[in-house]
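I've put the structures underneath this note.
In the two assemblies presented below, chain A is common to both, partnered first by chain B and then by chain C.
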Partner chain A sequence: MNTDVIIVGAELDAFIASIRLQELGYTSRVLANGQGSYLYSSGNIKVLDFKENNNSDNKTFPFFIEGLPSAHPYKLIGKDNVKQAIEWFFNHQISNKLRYEYFETNTFTISPIGLKIPSYGLYFNQINFENIYNKDITIIKFQNQKDFHAELIAQSIKQYVNTIEILNVVQPDTNQHSDSSSLAISFDNLSSPDNYFFNINKKINKKTSVVIFPAVLGLNKYMEIIRCAEKTFSKKCFEAPTLPPSIPGIRLNKILEREVLKKNYIHRGSHILKANIENNKCLSVVDNFKRIIKARAFIFANGGILMGGIKVKSNGEIVEEIFDSKIQNNNHTKCEKSYETLNALQTSGVLTDNKLKPISNSNNQLENVFFTGRNLSNWNPSLELSGEGVSIASGWYSANNISSYLHD
Partner chain B sequence: MIINSYQPTSEDILKSMDNCTKCGICNSYCPVSNVTNQFPGPKYSGPQTQRFRSLEDLVEISPELCNGCGVCTSVCPNEVAITDIITHAKSNLNNKNKKISFVQTLLNRPDTIGKLGNIFPALSNFILHNSFFRYFASQFFHLDSNAPLPNFHGKKFKKFLEKIKIDSNKKNIIYFSGCAVDNYDSEVGIAVIKLMSNLGYNVITNTDLCCSLPMLSSGEWDAAINRSKKLIKSLSRSLDLAEIIISTSTSCSLTIKKKYSAYLNFTDPKSAQISQSTKDICEYILEKHTDLLAKRMKPIDKKIFYHGPCQLRSHGIGQPAVELLRLIPKISLSLSEADCCGIGGTYGYVKGRNEISELIGRSLSEQIKFHKPDVILCDSETCRWNIEKNSGIKTLHPIQIILESLNV
Partner chain C sequence: MSKTNKNMPKIIVIGGGATGCGVARDLVLRGYQTTLIEFGDLGSGTTSRFHGMLQSGARYVVSDTPYAAECFRERETISKIAPEAVELIGGLFISLPNDPEDYPEKFIKCCEIAKIPCQEIQIDEVLKKEKELSNNILRAFQVPDAVINSWQLVNLLAKDIKANGGEVLTNHKVVSIKQHNNLVKSVEVIEKNGFKKILECDCIINASGPWSGKIAKLVDQEVELQLTKGSVMVFSHRIVSQAINRCRIPSSNDIMCPSGTVCLWGTTSEIVNDPDTTKIRPEEIQELLIGAEELFPKIKNYRSFRAWAGVRPLVKPKNFDKNIPLPRSHSVIDHSENGLKNFLTVCGGSLTTHRSMAEDVVNKLGNKLGINIPCSTDTIPISNSKNAKWTPSSYFQKIENQKNFNDVVCECEAITKTDIEEIMKNENLFDFHDIRRRIRVGFGPCQGTFCNSRLAEIVVNHKIDIDIKKSILNFWSERLKGSIRTSYGDQAKQILLSDYIHQENFGLRLTEENSEKDDIRA
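Up next, the complex of A and B:
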C-alpha cells in the first residue's frame, strides 16, 4: 500500500492530478466512493463563459479570467498556471485519444436541449455551430431512445441552417434500447456497421450535407463507427449530446482511468472518515474498512456538497469534517432555508491559500493537504460554465505543488 | 449511513435505498442492462422497486436477471447497496413466490457435485464434456450447452496436503480453499501452499467447506443458513491457531467478509471475527511481503493479460494482484478494461442467460484478441473457466505466476 500521494475522489480533477503526478515521478492511489459524475458531462471542455458583446481583448483565454473575483480558484492558481494547465491537457495523449480540438476563444456547441453552449474544447466530431451554418441538415433519431430530443435541437438551430429534417431510424439491434449507454454498447457490438449505415443512407435526403447523430455511436469504437458513417453517406457526420447518461462523458472517464491505471491504483468503495494529523502534517487517512492509509501528501478532489467532500448537517451548517476547514458560501455558512441548499450546492467550498491548501477553523495550516475542483470556494461552475477548466487547472496545479513540497 | 463497512446487516442494506438520488449512474454501468432490455437495470430493480416490496409480495422476474457482479454498488456515489437490495429480492426467505429451478439447485451445490464427480474423475470428465450429455442436459435440465464447465481433478489437492509437515517455528495462517480448489482447481491450492510456505508460514487448510455463495446469490437462502453456520464454526475453530484466513476466490472471501451479515444477519462475535480476519491472498501478501517479493522475483518471459473480476471491486482494495505483478522485473502486463467477464458465478450456466453472459463478455474477448497474451490471469475461478473457454488461452490465478517468478 506504499504510495506517495492519496487522492480522494474520482472526478476530472482527481484523475488529472494523478496523471500529472505520474508525469512528475510520483505514485498515487485514488480512493473513491463511486464512479464520478462523468455521465452528466457532455464531454466538451468549458473553461469560462464570456459575453458575446464583450470587447475582443477579453475573448481570448486566459485573459478573460482577469475580471473574476480575487478569491476565485483561477485567481488563486494564477493566469499563467491556468494557461499552462489547459494547454498541458490539450497536448496530452488523453486529449489525443478523444481528438480534442481547442480554440483561441470559445466556440459554440449544442446542449442536449438545443441551447448554445460556449466551449473551449470539443471532442472528436462533436457538433459545433461553425459546422452547420447555412447547411442542409439531417438529424438522426433512434426509435425508442428516450434521452435525445431531436425536435428541441432542430428548433434551436433552424435559424442558422438552410434546411433541417429529422429522420427516424431503427436501432442497430432488436433490443429497443431506451437509454444512451445500452444504445452505445449496441453500436460497439454491431458486426457490420457499413450495412447498417447503408440502409440509413437510402432514407437520407440527397440535399443533406451534414448528418447529426445523438452522441451514442459506440462507447469504445466511436471513431471507427463515425468514419464508417461518413464514408457510407459521403457526408460530414457529427454527434450532439444526449441527456444523461452522456456517452462522451463516459468515454472521457474511461480514457482518464486507463491513463491512471498505467502505474497507479483506484480503490472504489473507499470512503474517508478521518485523518491523522501531527505537527500540521497529515500522516494518514482512515477509511470505512478501518484501514489506515499512509502517504506523503493528500489531495481532496471529492467534489463539494453533492459528492461528499463538504456536508450540510441537519441543522443547516455547512462543514468540511475531515480537516475542519473554513467554508465559504457567499458569506453564509448555514443553509437555514430549503432554497438555500441549491445555492450552497453551487457556491459552497473550502477556503484555501494560493497553493490550494485548506485554511482550517483552528488556523493551523496543513503542509501536505490540497483541495481541488468543486471542493474549492468562490466559483460557480453552473453560472460561469467553467467546470472542466477549474477541475483541470486545480488538479494539475495541486500535483505541481505536491511535487515542489515533496522535492523540498 | 456507511454501507461499505464490514458487516452491514440486512436492515442496513435495505435502508440504504433511501440514499438513492436517482442519478442513474448504476444503470449506465450495469453490464446486464447495457446488453439486454429484459433487465430494467439496477436502479429500477433495486432501490425503486424495493419501496413496493416492503408493502406486498411482488411477482417479478427482473431480480433473477441481475448477475450479481456488484458494479452498480461500486459506481454508486451515495453508498446504496444496490446489488444486495436486488439479491434480497431473490431470496426465498423474503419472497414466498420464489421458486428455484432444478438446474440452479444443482449449480448451488458445487461441493456435492465435486465429491460425486471426483469418485471417478476421468469418467465424470468424459460425461461432462460429451456433446450428447451437453445436449441432453441443455434440453432437460436447462444447463446451457455453452456453459464453461470445469474438469474434476480427483483427490490431487488433498493428496498434496497429506505431505505437508507442520513446523512449530513458523507462523500459522489459515487457507480457506473452497469447493473450487478442492474439486476443480487443485493447482491453485498447491500454489498457495508452496508460496505461503516459502514466505514462512504453516498453512492450515480448511477443505470440504463451501461458503454457499451460489445459494445466496440465486435466492436459496433457507438452505444456505445451515451450511454457512457450518463454515463459520469450522473457521472459528481454526482461528484458535492463527489470526488470518486467506482465500484465493474473490467471491468466496467477499461472502465471508460481507454477505453473511448482509443477507443472513450473522453478526455474532464469531462471525464478526471471521469477517474481519478474512483476506484476499494478494491483499495479504501485498500488505506483508511486498519488499521481500520485490527483491526475489525474477523476470518472466510471457505476455500477461490481467482481468480483475467484478467481485474484486466490492472488496474496496483496488487490484492487489496487479500491484504484486508489477514487482516482477520487466513484466509485460496489460490490463482488462472490462467490468465483468459476463459469467456472474453460476448465472451464465443457465439456458437463456448464457446469451446475456456472452454479450457482456464480448468487450473482454475483443481486448484479449487485441493483446494476444500468452497467459490470462484472474483471481476468480468461474471467470477463469469462462475466459479460457471463450479465448482458448490458458488462464491462471495471479499467485501461480508470482510463484513462477519466485522460482519455488
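Up next, the complex of A and C:
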C-alpha cells in the first residue's frame, strides 16, 4: 500500500487534488467515509456571485477576489492561482467529457424552483436564462415525478419568456419509480429513444422553440439522448435541475472517479479516526478498520461541518479531531437570528496558513498536512455561491503545494 | 346534523386551543349558538407547545392528588372519545439514586387514593424494554400514561363543532369588545387579510390560555396568571417506547415522551411576563441535556432536531404562597363580581383536563342563564371512525397497503400528495404552516428540507396564487427557527444541508428582513 499522498474525503476538492497530483507525477489514495456532496449539487460550477456580493471595483473574474475578506480561502490561495486552477479545470479532459461550457463572467442558470443562480460553468445543455428570453417554451414533466418542479419553474420564469406550457408525458419505463435516479436509469436502458421522442413530439405545441427536460435524461448516455430529442423535435432541448439527489452531480462524480481510478485507488467506508505524528510530520492515519495507512503527505478534503470533517459538540464547541487544528469558531450558539447562526456555522472551520496547512492548537506546525474545501474557514458557500470554485481551487492548489513540498 | 338551537343564547368563545375547542364543542352539543374565535391557526399556542402527554395523573399524584384523579378520569374519557388522536403507550416512573428516598412510598399511596393503576416492576425487566435507560435506576413503576396528537385533537373538535352547527373562525384577532350596562354586547375582530367585522353575542367565554389576561384587559377585567415558559427538545427516533418520568415532585427536566416518530424531552420552567415569549436560550439546551443525561447517559449521541417553548398559564390563587408549587387544577372566573355580568374566563388546567374544564365552565354559564341542559361530551365520540387509533406507523402502513410510493411527498412522516390534496380541498388554508399542522408534513427529522418545494408545487398546481419564493422561504425559515436551537452533532450537518438546498441550490436568500418574521403567533 505504498502511496505518496492520502486524500481523505470523496468531495470535488479530493478528486481534483488526486487528478492534479497524478498530473504532477504523484500517486494518491482516496479514503472516503461515503459519497461526497455532489448528490445535492445542481451540477453547475459556481465560482462566486461576483456581480452582486462584492466590494471590488473590478467585477470580472478573477479580480473580484480582491474585494473578499483577507482570510477567505480565495485570498489565501491567491488571485492568480485561483484563475489558473479554474482554467485548468475547464481545459481538462474531465470538463471536456461533461462538455462544460464556461464564460468570462457569470451566467444565470435556472434553479430547481426557477430562480436565478449565477454560475461560471454549465454542464452539457444545462438551461440558462440566455436560452429562454422571449422564446416559446415547453417544459416536459414525467408523470408522478415529484422532484422536478415544472410548475414552479414555469411560474418563476414566465415574465422572461414569450409563452410557456407544461407537457405531462409518460416516463420511458412505467414499471420503474419516478425518482430522478430511476428515471435516469430507464433513459440509459431505452432501446429506441427515437420512438419515445417521436411520440412526445406529437404532443408538443408547434410554436415551441425551446424544450426543457428535467435533468434526468440518463447517467451515461445523456448526450446521445438529448441530441436524439433535438433531432426528433427539430427544437433546442435543455435540461433543468431537479430537487437533489441530482443526476448532473452524479455524472460529474462518475467522470472524476473514473479519472482518479486510472492510476489510483478509492476506498469507500473508510473513516479516519487518528493520525500518527512525529517531528511535525504526519506519518500515517488510522481508520475504523484499524488499518494504518502511511503516506508522505495528507490532504483532508472531508467536507467541513456539512459532511462531518469538522464536528460541532453539544456545548457549541467546534473541533477538528484528527490534528486538533485551530478552529475559527464564530459562536453560532450566541446568534439571535437564524441567518446569523447559519452564517456563523458556515464560516467556522479550520484555520490554515496560505499554503492551506492547518495551524495547530499546540505550537507544532505540521509540514505535510493540507486542508481544503468546506473544511476551510471564513467563507460561506451558500451566501457567496462559491462552493465548486473554492473546492476546485483549494484541491488544485494543495496538490501543487504537496508537489513542491515532496520535491524539496 | 345541527344540534344548535335558534332560541338558545349566542356564545362567543375566544381561543382556539384545546380548551377553547373543548368549550365550543360542549356548547354546541348543549344547543348553544356558538362561535369560536382564534387569533392564528387552531392549536398554534400552548396546545402544540408541550410534551404531548395525555396524563394518567401520576405525575401530579403526590403534589396535587385531586387533580391527578381528575387527570386519570379524563385520560380514560379522551382515549374513548378521540381514539384517533391518542396512543396508549403506558408510562414509567423511575427512581434514581439522587431522588428523594421517601417519594416512591408516597407515590404508591397517592396513586391508590387517586385510583390510578400503578405497579412496581423489576429493574432488569425495565432495562430489557428500555435499552437507553441508565443502569443506575433504583425502582420503577408502571402507570397508564398516554400521548396525544394535539393538532389532531383540536381539528377533530373543530370538525365536530362545525358539523353540529357551530362556527369556527381562525386567523381572526379580537380587537375590541363592546359593553353596555355591565354586559358585553359584541366582539370586533380583524381577519388576517385586514377585513374587520362585528360579532354580536349574549355571552363571552374567554379560553385563551396564557393570553387570557390580555383578552380580559379589553373589558377592564383582571385575570391573575403565573406564566411559565417551558422548553422541550425533540430527538429523532423513538428512543423510548413509553413515557419515562422521574419519580419525584414534578419539576424541570423529568419527562421523555415518545410522540409519532420522534420523542420529546422536557421541560424547563421559567417565569415570564409575556405570553409570546417562545425564544429558547442556548443555556436552556445545555440544562435540558444535562438533565436528560441522568436518565439516558448516551443522550448526546442522539440527534435533537428541534427545540420549542410554550407558555403555561397557571392560575395564581388569592393567598399565593411562593414556597409551594402552584396548583395545576383549573379555575373558572365569573367576572360579575367585578361588574361584568356575562363574561367568564376559564384558565389553568391542562390539555388532559380540557374536557372537564369545558364542562365546568359551560355548567356555570348554564347556572347564570338558567339553562339546565346536561353535558354530553364525555360519552359522544368526537369522530365516527370506531376503529381509528393514532400510531406512529399508521401513515406508513397506509402507503405499504396502497403501494403508492411515488406519491410520497414527506418521507419523514410518510405523507402523500393525495393526503395533502384532500386537506386542501376541505379546508380554508392560509399558508404552508396550516397544511403542516393538519397533516404533519415537514414535522420529521429533515424539517422540511426535501418536502418544502414539493409542497409548493402541489399548492401552485391547485392554481392557488402564492408568491413561490416567499412561501418556500417562510416555511424554511420557520422550520429553521426551531431546528437551529439544537445545532450540534448530526443536526449541525442537517442544518447545513438544508442551507445547501435552499440557498445554494434554489437560489433563495435568508436575510435580516425575511428571517423569523413568520412567527406562528405574530
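By our rule, the second predicted complex is superposed on the first by the 384 of 408 C-alpha atoms of A that agree within 3 Å, B and C clash if a C-alpha of one lies under 4 Å from a C-alpha of the other, contacts with A are read in each partner's own complex, and residues count from 1 in each chain.
Everything below uses one rule, namely that contacts are C-beta pairs under 8 Å (C-beta built on N, C-alpha and C of every residue); 3 or more make two chains touch, one makes a residue touch a chain.
Model, not experiment: these values are computed from the prediction.
In the model built by aligning both structures on chain A, chain B fits alongside chain C without clashing. Contacts of A:Ser37 after superposition on the shared chain: both chain B and chain C are touched. When both complexes are overlaid on chain A, the residue A:Val216 reaches neither chain B nor chain C. By the document's definition of touching, both partners, chain B and chain C, reach A:His177. Once the two complexes are laid over each other on the shared chain, residue contacts for A:Gln155 go to chain C alone; chain B is not touched.
Touch criterion not met for A:Ile164: it reaches neither chain B nor chain C. Using the contact criterion defined above for the overlaid structures, shared-chain residue A:Ala17 touches neither chain B nor chain C, since it reaches no partner.
Applying the stated contact rule after C-alpha superposition, one finds that A:Ala399 touches neither chain B nor chain C. Once the two complexes are overlaid on the shared chain, A:Met307 sits against chain B and chain C alike. Residue contacts after overlaying the shared chain place A:Leu345 against chain C, while chain B stays out of touching range.
Of all C-alpha pairs spanning chain B and chain C in the superposed arrangement, the closest lie 6 Å apart. The contact surfaces that chain B and chain C form on chain A in the two complexes overlap at residues 37, 177-179, 244, 307-308. Against chain A, the residues of chain B that register as touching in their complex are 2, 4-6, 23-25, 27-29, 33-37, 41, 73-79, 286-287, 290, 313-319, 322-323, 335, 337, 359, 362-363. Residues 282, 286, 289, 300, 405-409, 417, 450, 453-454, 456-457, 460-461, 468-469, 472, 477, 480-481, 484, 487-489, 492-493, 495-497, 499-501, 503-512, 515-516 of chain C touch chain A in their complex.
Residue ranges on chain A touching chain C, taken from their complex, read 37, 40-42, 46, 111-117, 144, 146-147, 149-152, 155-156, 177-179, 241, 243-244, 305-308, 311-316, 332-334, 337-339, 341-342, 345-346, 381-383, 385, 387.
Within the complex, the chain A residues that touch chain B are 1-2, 29, 33-37, 39, 175-182, 185-186, 188-189, 220, 244-245, 250, 254, 257-258, 261, 265-271, 273, 287-290, 307-308.
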